Each structure stands twice: as structure tokens, then as C-alpha cells.
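So, here come the structures, one by one.
Both of the next two complexes hold chain A, though its partner changes from chain B to chain C.
The block that comes next holds the complex of A and B.
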């Protein structure tokens, strides 16, 4: 617990001012769809030129850490994720808002985020001595098996027709293969458009399939999001309590977040989907997911913030960014003469602990503001559809454009808004499509990389990869046995 | 009734989507009115970077922008605009098509763009760019695992049946440097492709790949930490910091000493008026001489190397010629994965 020694240095008046400023700024950036932690930090870097390295760390890390909080607010309230990693929050968070329980969902998200972040950072602190070995243990076969394991989640999270779920997943895979092929790096299925070289932008798809689709359906029904229910004004306390009532789920999700965050190239978006998938899988009553289960929100938010601890591990141990945001953080630290890398774990260990302490304090300040302001925003779920829908579309499109400043992203968001609308109408799973889109590239590239380095035996001769194979098979078999049992039970009940 | 209105609305939105798509396609070029140049600059200047924030190019752009601003005759801002996509091609085509009025300039990764231009000659032409100057020149380096047994000599002797080269996009400069030098040296090798430099580096540190080529700047921190070590240093003499890494001429390939140097160059759309370009060129030169700018670079651990507009243009032409000379190898590289 080396960070404890630095806690005092964070709790200074000037540092706390920077921290509160960073948190408020991060919350606002997070609320804007499309803008997440990496952009929050990138915009701040020029402002840190004149600060001391410590002040810069506090400002950057608190803005980064709180952007997730803002992102989950919009996921829950208007089904428009602030960032790709918040997408899974909307799966159950928005149905809760529909039921008038947005306040409870927000409170649960805030607490799960803050505590998840805390656990992620505590584990990071403990893992520092073994960080390098741990990261090097993961290579291409493990990445591939993780991707496969992730894809099997489609079978679990799909409610209704499994067949339609698989079709949605396959469509997602088709979209995933547009862009640069991972073996040669040449363009593929781009129809001569430079824009498609980088593939279908995930964030624009998510904004389209959730935010814009929702706006379309609000518009066609012209009702408020929570139209036929009494909106629960309180719910904050209930939400906080729910995290502790589901403590094992919460803890499990934290570890999923940490492990996946730790592996460069796999990234945080996968972590939140995996956490959601395992939450569904391990639940006694799978049917309630997707219809407003608080467990879905807790699992995703816990994984989402605990992954930051994981993400920091390769960043500090090798100077290798664990994700896009970490690449920006490295840039920001280097301007202040701090080069992330092994030095951070030996000579600059104090700075590392300071960074962890600042991140932990930032999480709790963010939770305080989130709990204070979040439940006040619940009123938006009572606004009439004809007023809400244009607002959601505007906010979504600005978000889609704001990410990279590309006009094409607006087109993609609108197009997927329509695709999402018809998928929803005909009972195809949007979640399955997104999961496949996230994992398709990882699966393909890690397969070829494994074949080039280890050969086919790499998939089964490495202990971690083999464990993942076994887990994947076991989880599928378990899922189907459970389903069969349920069917038999239902038959039995009918017969009786 | 309700349902019908809803359907109508959805259909309306569909039409709107399609309409916007067509509008997007046709709104690319607008008639250009070039401002009278004598009063240049009258408004803010955009410095376009083809990569996301976080990388070396963005870092350089952010660092130099305020100093170009400082040395321009009028008080305007120089703002950095990140326009990532397609390995810098999106930004490069954007600049190519922009008004040559001096309000759009770009920081170019010419080493990455030159091979792309040879492979796909239609979206931009580096020969037409109005070059304004070079801000950084960097050596290339081939690095191996820090604790591993690979060296330039062992690779040349082909001690392993084949060497795995960690790459980031086969059309990238890093991959092409590896392809050209190893093929010419007669080494049997195979590419192992990654999406990002960080993943390519990690692959060598893990020992899954044997060697990684790239600019020194992109590998410096991994080399300094000992995770990587230089096996071959592309330059006219050995780097005193890494006396064990031979230069190509010592291995019998003097033609590779310099051709792989990497540049960060500033340019503007083709047809930039003479007086605008001289104003910009002067501002860039003064920025590069500014001791305060050097302080900023020192903090970032970066070294400036200035080349003026004419020298920059010469280097670009030479670079395109050099790459064209190895077109066959580059072509083979593209066929390797097929």
C-alpha cells in the first residue's frame, strides 16, 4: 500500500483545487457523447505546460477518472453512451430509466465506479512488484482465446431467439472486417473510400444504435422515456445499497476489468462487455437482464473503472499504453520530463504512488459530485418524446462528430440509427452486433499472429490459453444445460 | 393513426439521412477566394496533424505551434487540428485539396506517406506540396530484445531458419525499412503485423518477434530502459550511446546508411503564393532558432534539426526516388500476406 505515503501530498489545498477542477471538467466532457477520457486529457495537456509535474498529474488523472462517471449518466438517462466503454451501461441502465428508476441506476453506477476504481488501483499498487512478468505472460494465443470467450457471451446475453442473436453477431463480424486487414495492412471492403481505411468507427456505431435508435422510437411513439410509470424521486439510497447487496458480483467484475485492462491491445471496451456477459451468465434469473436489472449496471461500471488500474500497469511498467487514453497520458507525462517505463517502478516510485493516490481521491470526489448532481437529472426521462428525440439526435450527432471531427462519422451514426431501429423492431440483438464488432478484429489478428509465431499448437500448449479454452467450453455447456433444465421444468409445470 | 404518423416520421428521417449523405459528398469544394497576401495572416492558421493526440507528431505540432505564432507578423493563433485516419492519408488529402491561402498547413510524416503514394498514387502527391521547412530529422534503428541473443551479425549469418519482423502496417515506413534492408542482405524473414507501435514493441520484448525497425524517437524510451537494444543503427557513424550497434556500411551495405532517415516536415497546399510562403518559412525558421523553443524540446527529450524550404523539397524528391528504386521489394512485401 505504498500510495498511502503519498496521500498526504494529494490532500493539499492547491492539489485539491486542481483535483476538483479536473473532476468537474471530466464529468462535463464525459456527459458529451463521443468525448471520453482520452479527449478530456488531450485537451488539457497544453494547459499543463506551466504547472509542476505533480499538479499536471492531478489534473490529468482526475479528469480522466471522472469522464467515465459522466459517460454513464447519459447511458442511463437517454441511452446514449458517452464513450465506447459506457455502452454496456446502457443495456440495463436505460431500461431502469424506463421503469422510472434512473435515480437508483445512477447512484449504483456512481458507487460501483468509485469503489471499482478504488479496487483496481489497490490491486495495481499490490501488483507493481510482479507487473512486468504478468504482462509478458499474455501473448497472441491468449488474446485469441479471450476474443472467442467474449464472442460466446453473445449466446448468453441474447434473450429470445438464439438464432437471431447469432445472425446479429455475424453481421457485426462482417462490419468488423471492413478497413485495414490485420495481416498485410492493406485496405479491404473500403469501396475506394479513404474514410473506411480505419474501419467502421465503433463509437459512431454505438451512438447510432443506442442514442439515435432510441430517438427514432421515442419520436414514433411520442411518449416520455419513463411514460407510464411514476418516476422514483429518491432511489439514491436504494442504488448505493444495491452495490453492497451484490458485492460478489461487484468484486468479480472488478477483477475482470483489471485483467482485461492490463493487456495492451485488448482494451477496456472488451472489459465492460465481458463483465456484463459474466453477470448474466452467473445470475440465477437471466431473464431479467436487458429489461432493467441493477446487476447489469453494477457489473459494467465496476469493470469500467477497475480496468483503469489494469490499464496503468503496462503504462507504468513498460511505458506501453494499455489503451488510447493511456497513450495520451504518456504524452502528457513526457512533457513534464517523466518517462513512463521501468523507471517509474524504481527511481520514480514516489511519483507512481502519488499518481495512484491522486486517482483514488479523484474517484471519490467524482462520486460525490455524481451522487449530488446525477439524480437531479432524472427529470429528462419525463420529457415528452417529441421534444426529447430531436435533442437526443442533436447531442448524439455532435458527439459522433466530436470524436475525430469527421463528417463520415455522422453518416455512420445515422445509418446505424436506422439499422438499430429495424433490428429492435424485428427482435434482432443490437448487443450481439456490437460485441462482434468489438471483438472481430482482435480475433482475426491474434489468430494470424499466433499462427506466425507459435503455430496451431500455441492455442493449447500455453497454460493461460488452455485455461481460457476450457472456460469457454465449460461456460457454453453450462449455459445450454441450464437452458434445457429450465425448459424441462417449464414443461413439467405445464403438465402439472 | 398514431402508428401511421410514426411510420411517416421514420421514413422522413430515412430520406433526411440519404439527403445528408449526398450533401456531404458534394460539399467538399467551395469556390476559393484567396485573400490579398500582403496583409497575411489575418485570421487563425490551422496546423493539421494526421494522427491522434498522444503520438510523436502531435507532440511536435503542439510544441511548435505557439512559437510559429510568436514569430508571425500579425497577432493570430496557430491551432493544431488532429485529423487522424488511414495512416495520415486523410489529413494529407485534406491539405492537398485545401485553399492555398496559408491558413491551412500540415505537419507531414513523409516517410510513411511516400511508400503509400507509390502504392496508391491517386489521393495526393508529395511532389506538389508547397514545402515550408523540416523541423526534425531522426535516425532509423533496428532493435532486438534487450536480453536476447540476436545481433546484426547473427541475423546476417541466418542463425535461425527465419527471422520474424514485428511490423505496424505493412505499408508503414517501419515495415518497408525492414523489408528493403533484410531482403537486400539476403536474410530469410517473415512479417508479424500489429495495429499499433506499442503492440509491435511488446512483441519483441516478449520474444515472440525477433526484430523491429523504426525511428529512434519511437523506440528511444524502450532502448533506454533496456527492454530493447539496437542491433543496427542507420546512420553515417555509430551512435556513441550504443557503440555495439553497427551501421549498414560496416555490414557491407553503405547504400542504407542514410536513405532511411525519418523527417517531420511542414508543408502547405500546392500553389501557395510566394509572399505567403516566405512569411511562413521565416516564422518557422525563427521558431526553430528560438531558445525558448529549445527549452521546451529539451524538457520533452527531443532534438530539433532544421532544413529550409528548398532543402526540404530536395529531400522529398530524393526520398520518392529512393523508394521507387526498391519498388519490387515493396511490391513483394504487399504480396507476402496474400
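The block that comes next holds the complex of A and C.
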């Protein structure tokens, strides 16, 4: 454990002050919809010019690490994810808030995030010497099968009509294909609009589908989020306990996050959705997901934070950023004369371990503030719907607009808010649409890359891909067998 | 007999969207648009069936009568639509009016953002909402609108120097 040698340096007073400042700043950025870890770091970089490399690292990495904590708070409380990777937290976190268990959900999210982050960073510490082989084991066929495996979640998470769940998934796929095709790079389904060349902005869609739809529904009903239930104020301890009660789920989600985080280009959003999907697929009682299952919150948050350890691996070891946030971090490090790549594992190994130590301490400081402040925000679930609605709309539109400053993003958020409202009203699955939107592009690009690189046999001859095929088929068969059993049981009970 | 209501209009919109995307894939090469082609064809098929089911109550009733297993209906038939149709019928005109009013307010909000700025858009639309839609007191209206607009101004314009918010 190389980071232990640097822990003392991080725990010094000046470093701790930078760390607390970074954590609080990251929490606020995370709470604001549309702003995530990459923006948190990008805005901080100019402030680090006059700092030493160590102070800059502490400030950047603690702000990045805590932004996810803030994002999960808004997902749980007002169904408006702070960032795309927090979207899956809302699937079960918000229904828990509606049941008056927001405090429990927040506590579970904070603890799962902190411990998930810790595990991710510990694995990073251990993996640095053997990273390369593991990263190269995953190629295009595995990505394709991973996307297909993820899409089968739709069959499981859809409540009500499965037929409408499939339609919702297909709509999501169609939206995912808007933009440029992965082979020729030519535009498709853009209908002459330049704005659509980059595809449908995921964050604006998520903000619309969850935030605006929720505001709409709050306005229509004119009731508070947790209107007909007693808000459970003492849920913090219950939330903390739930993480340990579901420890295997937590650990499994951590490893999904770490592994997907290691692979450049896959992104944290896919990691959190995959962790959610796996939690659903492997649960004994699948029906409770989407209706307020604490396991759904734990899985997503654990994967979301543990992926940071995975993300840092190619960034530090090879200088390959796993995503936008890591690219910003590389920029921040280079300003201070630190070039990510083999140099970080040889000449600057101390700095690498210092970074890991700072990230670990940052996670626990963020958990402390999250647990201190988060449950106090539960009161928002008791505010009258007609008062909450305009504030949620405002925050959502600000979030959609704030990321890139494109007016089109506001239009997309509003449009998807309306679509989401009617989907909810007429029994279509919003979750299925989002899952398909996230995984659709990965599925298509990896399909073409597999065909070009390995040919059709690539899907069934590689051991990891084959395992994923088997898992996909088995999970679907198991789901339908279980459904049939439930039906027969119900039939028997009715006959009796 | 065809029945037209919000639910049917939504089903038609999904079908038309599927049809639009599917027709756009016809111009694309098979090898580069294979997946969108297959998926959009499936969407046309599924949403078309759903649309017919929603539009023609007689067909729906026939399917429901022919379907002997009640639980199967809940699982894979389209019983949610029947529930939605019933819900539509009991929804009062007042509620529908209220909903369109809210949609109108959101459109006004983004129009204001387009012609003024995000901060002014927030301030004006919040005042309009709180006073005329939510029927709050003037004190509440001014305080709430000003607080939200000021918060967004301080965080995004002053704090992060996001120029396009002003």
C-alpha cells in the first residue's frame, strides 16, 4: 500500500484546509444540475497556478471526488440528477424519498460512495504494476456483449406493460443513433439541423426526463414529494447499516465500476447503469427495483465512486484519460510540471501515491459533510408541489443550459420533460428509454468494430464475450421462468 | 369507431417518430446502418400495434375477450392502455386546462430566456407563475422569485463567470 507512506503529508493542516475547501466546493458543484467533476476541476485550475503541485492535487482531486456526492443528493430529493452518472441513483433514490425515506437513501448513498471510492483507490494502488494486461483483455466484442447485457435490464426493470417497456427502449435506441454514424462519420437522422450533429445531449435528456417531468407531476398533483407519508428523520443509521447488510452487492458494484472505469471511453454513466442492471438481474426480488429499493442506490453509488480509481489507472499509468474529467486532471497536472504516463510510476511515484492518499482522505471528508448536511435537506420533500415545481424547472433548465451554453439544450430538456410526463402518465418506461439511450451508441459502434476486426465469430469465440452471452441468455430465461412461476402461483391461489 | 384523446395522440406521435426514423434509414447503406434499420423497423411494428390498440376500442375489447388469461393481459397485453383510457375519461377539463397552462408557462420561460437572458427569464417567469398560476401572495411572489434569480446570478454569473447567463 504505497499511499500509506504519503498519508502523513496529506493530513497536515494546510493540506487539510485545501482538502475541506475542495470538498465543499465539489459538493456545491455536484448539487447544481449539469455541472459535474470535469467542470468542478476546470473552474479550479486557474486558482491553482500559485499553489505547489501537492496543494493543487489536493484541491483538484477532492473537488472532483466530492462532486458525485452532491449529484446524488438532488437525484434522491428532487429526481434531478446533478450529472448523467447520477441518473441511475434517481431510479430508486427518488421513490425512497417519496416513501419518506430520503434520509436513509442519502446516508446509504454517502457511505456507498465513500467506501466505493476507497475500494476503487485501494485497487488502483495495488493494480499499478499489472494494469496493462487487464485493460487489454476487454475489446470490441466484449463491449458489444456488455451493451446487450445492459439492454436486457429493460425486461426486468419495466413495471407494468412489458410491451410498452420494449417500445420505450426502442425509442431510446433511436435517439441514441441521432448524430453521426460510427463508420463513415456522416450525419444521419439530423433532418438538416446542425445542432443534432453531436447527437442528442444525454444530460439535457436526463434532466428533462427526470427533473422537468417530476416538476410537471408535482404541479399537476399540487402535493409534496413525500405528501402522504411521515418523513423518517432517523434514517441515517438505517442507511449506513443497509450498505453493510448488502455488502456483496456493494462489493460487486465496486468491481464493475473499477473495471469499466479502467477502460477509456466507456464512461462513468455506463458503469453506474451496468451496476444497477447487474443489481437488478442478480436480486432475488427484482420487482422492488424502481419502486424504492435501497440496493439500487447502493449499487449505483458504489460503482460511480469506485470507477474513479479505475479511471485514474490509465490516466496516471499511460497518460490516457478515461473520460472528460481525467482529461481535465491531466491538464491540471501538466500545468504543475507533472506529465501523466510512465513517468508518474517511476520518477514521480511519490506524487502518484500522494494523489491516491489525498483522494482517499477526500472521500471520507466528503462523506462526513454529506452525512451532516444531506439528511437536513430532507425537508424539501415536504414542500408543496406548486411551490417546488417552478424551482425544479428553473434549476433543471439552468443545468441544461449551463453545461455548453446551447439554447438547443434547453429545448431538448423541455421536450423530453413533456415526453417523460406523457410516458409516465400512459405507462411507458422512462428508465428503459434512458438505459437504451446510454447503451445504444456503445452497442452500435462496438458491433461495427467487432465485425471489422474479428468478423462475426468474434462475438462467440472470445471467452469474456462468450461468458457475457451466456449471462445475458441465462438472465432473460431466469426472469421469464420466475414470472411464469409467479403466475402459476397466483393462479393456484385464485383457484383455491 | 376511432377514439381520439391525449393517450392516442401520444401513441400516434411515437408511431410517426418511428416511421420517420425508419424512412430515413432507407437512404442509408445497409452495412453502416444495419442496427438503426432493424431497431427502427421493430419500433414501427410495435408502436403501430400499440397505436391501433389505442385508437380502436373495439379491437382492444376483442383482444381482451379472446385473451383468457387475466394475468397474461397484465404482463404482455396492453392493459395499461385501457387503464390510461379510463383515466383520460375521468380527468376533469379543469385539470387538462391547468396542465396546458403549465406547458404554456414553460414555453414562455424559454422564450424569455431566448429574448432576454437566463437571469431575467427566471425572474419574470417565476413572478408570472407564482402570482397568476399558483396564486401566491405578492410578498411570497417577490421574495421567492428574487431569491431564486439572485442565487442563480451569484453562483453562475459572479461565481463561475458564465457570461451567457446575462
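Throughout what follows, the second predicted complex is superposed on the first by the 496 of 496 C-alpha atoms of A that agree within 3 Å, B and C clash if a C-alpha of one lies under 4 Å from a C-alpha of the other, contacts with A are read in each partner's own complex, and residues count from 1 in each chain.
The criterion applied here is as follows: a contact is a pair of C-beta atoms (placed from the backbone, for glycine too) under 8 Å apart; a residue touches a chain by one contact, two chains touch by 3 or more.
This one's a predicted model, so the numbers in the text were calculated from it and none came from an experiment.
A.B. asks: Return first, second, both or neither, reflecting whether A:418 touches chain B, chain C, both chains, or no partner chain.
C.D. replies: both
A.B. asks: Looking at the overlay, does A:452 come into contact with chain B only (first), chain C only (second), both, or neither?
C.D. replies: It touches chain B, and chain C stays clear.
A.B. asks: For A:248, using the defined touch cut-off, is the partner it touches chain B, chain C, both, or neither? Pick first, second, both or neither.
C.D. replies: A:248: touches no partner chain.
A.B. asks: Between chain B and chain C, whom does A:180 touch in the aligned arrangement: first, second, both, or neither?
C.D. replies: Touch status of A:180: first partner only.
A.B. asks: By the touch definition at the top of the document, which applies to A:410: first (chain B), second (chain C), both, or neither?
C.D. replies: both
A.B. asks: Looking at A:398 after the superposition, I want to know if it touches chain B, chain C, both of them or none. Which is it: first, second, both, neither?
C.D. replies: second
A.B. asks: One more residue to check, A:197. First (chain B), second (chain C), both or neither?
C.D. replies: After superposing on A, A:197 lies in contact with chain B but is clear of chain C.
A.B. asks: Considering only the touch criterion stated at the top, classify A:336 as touching first (chain B), second (chain C), both, or neither.
C.D. replies: In the superposed model, A:336 contacts chain B only, not chain C.
A.B. asks: For A:219, decide between first (touching chain B), second (touching chain C), both and neither.
C.D. replies: Both: A:219 reaches chain B and chain C.
A.B. asks: Give me the intersection of chain A's contacts with chain B and its contacts with chain C, in residue numbers.
C.D. replies: In the superposed arrangement, which is not itself an observed complex, chain A uses residues 181, 183-184, 216, 219-220, 405, 407, 410-411, 414, 417-418, 448 for both chain B and chain C.
A.B. asks: Residues of chain C touching chain A in their complex?
C.D. replies: That would be residues 6-7, 10-11, 14, 17-18, 21, 24, 28, 31-36, 39-40, 42-43, 46-47, 50, 71-72, 75-81, 83-84, 87, 95, 98-99, 102-103, 106-107, 109-110, 113-114, 118, 122, 125-126, 129-130, 133-134, 136, 144, 148, 152, 155-156, 160, 162, 164-165 of chain C.
A.B. asks: Could you please specify the touching residues of chain B with respect to chain A in the complex?
C.D. replies: Touching chain A: residues 2, 5-7, 9-10, 13-14, 17, 20-21, 24, 52-55, 58-59, 62, 81-87, 89-90, 93, 123, 164, 167-172, 175, 190, 192-196, 198-199, 201-202, 205-206, 208-209, 221-222, 224-227, 296, 299-301, 334, 336-338 of chain B.
A.B. asks: Spell out the residues on chain A that touch chain C in their complex, using ranges where they run on.
C.D. replies: 28, 32, 43, 160-164, 166-167, 170-171, 173-174, 177, 181, 183-184, 188-189, 191, 212, 216, 219-220, 386-387, 389-391, 393-394, 397-398, 401-402, 405, 407, 410-411, 414, 417-418, 422, 425-427, 443-444, 447-448, 483, 487, 490-491
A.B. asks: Given the complex with chain B, which residues does chain A contribute to the contact?
C.D. replies: For chain A paired with chain B, touching residues are 38-39, 42, 45-46, 49, 135-136, 139-140, 180-187, 194-195, 197-198, 216, 219-222, 264-265, 314, 318-321, 324, 327-328, 330-331, 334-337, 339-343, 404-408, 410-411, 414-415, 417-418, 421, 441, 445, 448-449, 452-454.
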